[in-house]
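Following this line, the structures themselves.
Two complexes are shown next, each including subunit A; its partner changes from subunit B in the first to subunit C in the second.
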Partner chain A sequence: MTIQSLDPRITRAGIPSEDSRPLEPKEDLDQFETWEVFHQQKRGDFSEHVGSLHAPNAELALVMAKEQYARRFKCVGIWVVRTADILTLNTEDEDIFATNAEKKYRDAGGYRVGNRVSAFKQQQAQAKSEGAA
Partner chain B sequence: MNEAAITDLITRLADDALIIAHRNSEWTGLGPMLEEDIAFSSIAQDKLGHAQALYNILHTNFGQPDPDTVAFTRNEAQFRCCHLVELPIGDYAFSLIRHFLHDAAEWVRYEALEQSTVVPLAQLARKIKGEIKYHLFHAKTWVVQLGAQGNEESHARMQSALNETFPLALGMFEPSEFDGELAAAGIYPGEGQVQQRWLELIAPVLEQATLRMPLVEGADLAASYGGRKGYHTVHLQPMLNEMAEVYRIDPAAEW
Partner chain C sequence: MYGNLSIVDTPAGQQAADDPELLAAFEARIDRGEKIEPHDWMPAEYRRQLIRMIEQHAHSEIIGALPEGTWITRAPGFKRKMALMAKVQDEVGHAQLLYSAAETLGKPREAMIDDLLSGKSKYSNVFNYPALTWADTAVIAWLIDAGAIINQHTNAKGSYGPYCRALARICIEESFHLKYGYDNVVTLATGTPTQRAMLQEALNRWWGPIMHFHGPPDKVSQHTEKLVRWKVKMATNDAMRQEFLDTYVPKIWELGLTVPDPNLRKNEETGEWEFSDPDWDEFKRVINGDGPCNAERLAVRRMAEEQGRWVRQALRKPNHAYVAPLS
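Let's look at the complex of A and B:
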């Protein structure tokens, strides 16, 4: 007995119905390695992470990335990188990301230079007019 | 001027695109892996779009009926597609080899059509160039992967699919009574020249894939001709019946 389906493609495939062929469990991780995909929406933009996919090697990862992540919207660049090649800090270790909230002293905004620039410009203009006279 | 020749040329191009689109779309949901299923389905949809654009040119510029009528109401003898695109999907090795051989020919055809004196055809060729470039990139990458970088089984299956498919692929270039007229009018270089450029395009890829090019000497004797004159394999009419099933129930249905 083969599977009879409303979808003629399934009926044509002649797949034995389940009572004659029990499903065999697949091996764990029986799939290609994963790749992370980055796309660039316009030239000069940062490449943004958009998702991941399975592929047997870098060339096919690029082939698949283009169609998985760039078939609908504008895209001018694609990167793929093997997931295993991405180095990360241990995200469980929250302490390392902890940061002192009070560090205004390190902000460039702390410097007041506007008045000194105006004074310098004024001085230059004055020197110039004196020289002309 | 040249209207019969142009109509015949565009019908051949459109029918090939429509039938390969339908065949390739039969893999949707059944592909060997999710990513490939999506990519192959998307390619099939692109081809359907190409067919529609070509039928539109016939409708707008050459007095043919609208695309749906042309696609869904003709019988097999009115189709001008080659035998290669008609065959059932077979196994994935066959479908990939067919995709590669067909899309390489498509690349050569549309590259030539960019210079065509039939303006809407030249415009369309420029518009869809990028899609066909991706289709061929997809096909080449798989052929090289399974031919040269897979294992003994993948290589053997690709070679055997290639041997089986090659005479059908040569049928894509069935000489047309209009070849001379089309070339003289700067519309299309003719099937002989397109076949030659196709061979030059596929040879290095097959070499890289460590696959043997099947016979080329005496190729015209082996080529599966007839499709361009309306003589088809037994596979076309059942496929047309299935493709037009909804249309025949309700021609005005939208989905």
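Let's look at the complex of A and C:
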């Protein structure tokens, strides 16, 4: 007896309706390596990370990336890179960024000159008027 | 597509108690509205529940492609065929996104597929029912996807970063599914008497599974409270069902269709929808394997895995090493 389906393709496949064969567990890497995908939505944009996928090699990773992450909407470019080749910071080391907000000397906002220029101009004007008197 | 997975659970094993300091920091992060990322410390139970939930969501997408895929060869017209192929491809794509998200929690994809085929992991119960006619595909695409969108929008506000990111992508595509399904339903509803009758019959067949979709009524338990606090479970089954009824029953009625439940009405005083209790015994029976299509769904998946094995083996290289997806 084979499976009789509403889908004629499945009926034609002749799948046994009672399958007593034991399931063979998948071997490691049956689903291949993982890749990280970056896409550029329009020229001039940064290429942004959009997700991951599984593929057996770089060429197929690119094909899968196009299908998986760029089958609709605007996209002008895709990059793929093996996940194993990406070096990341440990999340426990997140605190190395904790003092960033304190580094005012690295921010434009850390420099206030307007008031000092106004004060200087006022002082100059005063000195001038005093000299004239 | 997605649904009613909350009842499928295996009891927690004997888990080591979580470090109270790490747990407090973890909970504080969630309370601040921050996301948890794959390499953060997390309670074992949080990890276990998320793997179960995301994995079953992924299985639902991949099995969900089958009932609709049945109709690709017989879609009425070229435009409908293109649209249905796009939708079915989206469902498979959603599975890919979700498997990757679950893998970041430490379960390899191979193990997830093994657990699907062996029946250890479940998938959404609705896909154990057949799409008997073209109208069934229209009802699935409109109303089952509508239920899924409510679920997914809710879960996208959860605490686990990779799942939220996958859901954000998925929700965008689901909005096409919903509109495509509605378009199909409206075409049949405004068509010939035969088309209208076919649509009404499909709605009658699917109403039970639709009412099952968000899972059994809530029972408040310690278990659920923790998952709510950790933003794993974002809304109760009942709340999602109410939202579904509130949005879609008026749209169904507006097309002159009948919902096969004489007790369905909105209680204007409470603002809640009232309805006949769905047959939860049937739900349990079907989810445990005794539905009209359970055997076929898994057999088809198994065939695909087995017949593709030699190709995968041929492409595999001995120097490859598995690394979980980054995020």
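What to note about this one:
We take it that the second predicted complex is superposed on the first by the 88 of 133 C-alpha atoms of A that agree within 3 Å, B and C clash if a C-alpha of one lies under 4 Å from a C-alpha of the other, contacts with A are read in each partner's own complex, and residues count from 1 in each chain.
Throughout what follows, a residue touches a chain if its C-beta (ideal position, glycine included) is under 8 Å from a C-beta of that chain, and two chains touch if they have at least 3 such contacts.
All of these numbers come straight from a predicted model, not from anything done at the bench.
When the two complexes are overlaid on their common chain A, residue A:130 makes contact with neither subunit B nor subunit C. Within the superposed three-chain model, A:51 lies in touch with subunit C and out of touch with subunit B [touch as defined at top]. Once chain A of one complex is fitted onto chain A of the other, the partner contacts of A:83 are limited to subunit C, with no touch recorded for subunit B.
Look at A:66: by the touch rule set out above, it reaches subunit B but stays clear of subunit C. Legend: residue contacts after superposition of the two complexes on their common chain; A:33 is shown touching subunit C, with no touch to subunit B. When the shared chain is aligned, subunit B and subunit C each come close enough to touch A:8. In the overlay built on the shared chain, the residue A:91 is in contact with subunit C alone; subunit B does not reach it. Legend: residue contacts after superposition of the two complexes on their common chain; A:25 is shown touching subunit C, with no touch to subunit B.
Shared contact residues of subunit A with subunit B and subunit C: 8-10, 13, 31-32, 53-54, 56-57, 60, 67-68, 71.
Contact residues of subunit B toward subunit A in the complex are 26, 30, 33-36, 38-39, 42-43, 88, 134, 137-138, 141-142, 144-145, 149, 242.
In the complex of the two chains, the subunit A residues touching subunit C come out as 3, 5-10, 13, 15-17, 19, 23-34, 36, 49-54, 56-57, 60, 67-68, 71-72, 82-84, 86, 88, 90-91.
Taken in their complex, subunit A has these residues touching subunit B: 8-10, 12-13, 31-32, 53-57, 59-60, 63-64, 66-68, 71. Chain contact summary for the complex, subunit C toward subunit A: residues 37, 39-40, 66, 69-70, 73, 89, 93, 96-97, 100, 103, 108-111, 113-114, 117-118, 130-132, 165-166, 169, 173, 295-296, 299-300, 302-303, 305-306, 309, 312, 315-317, 320-327.
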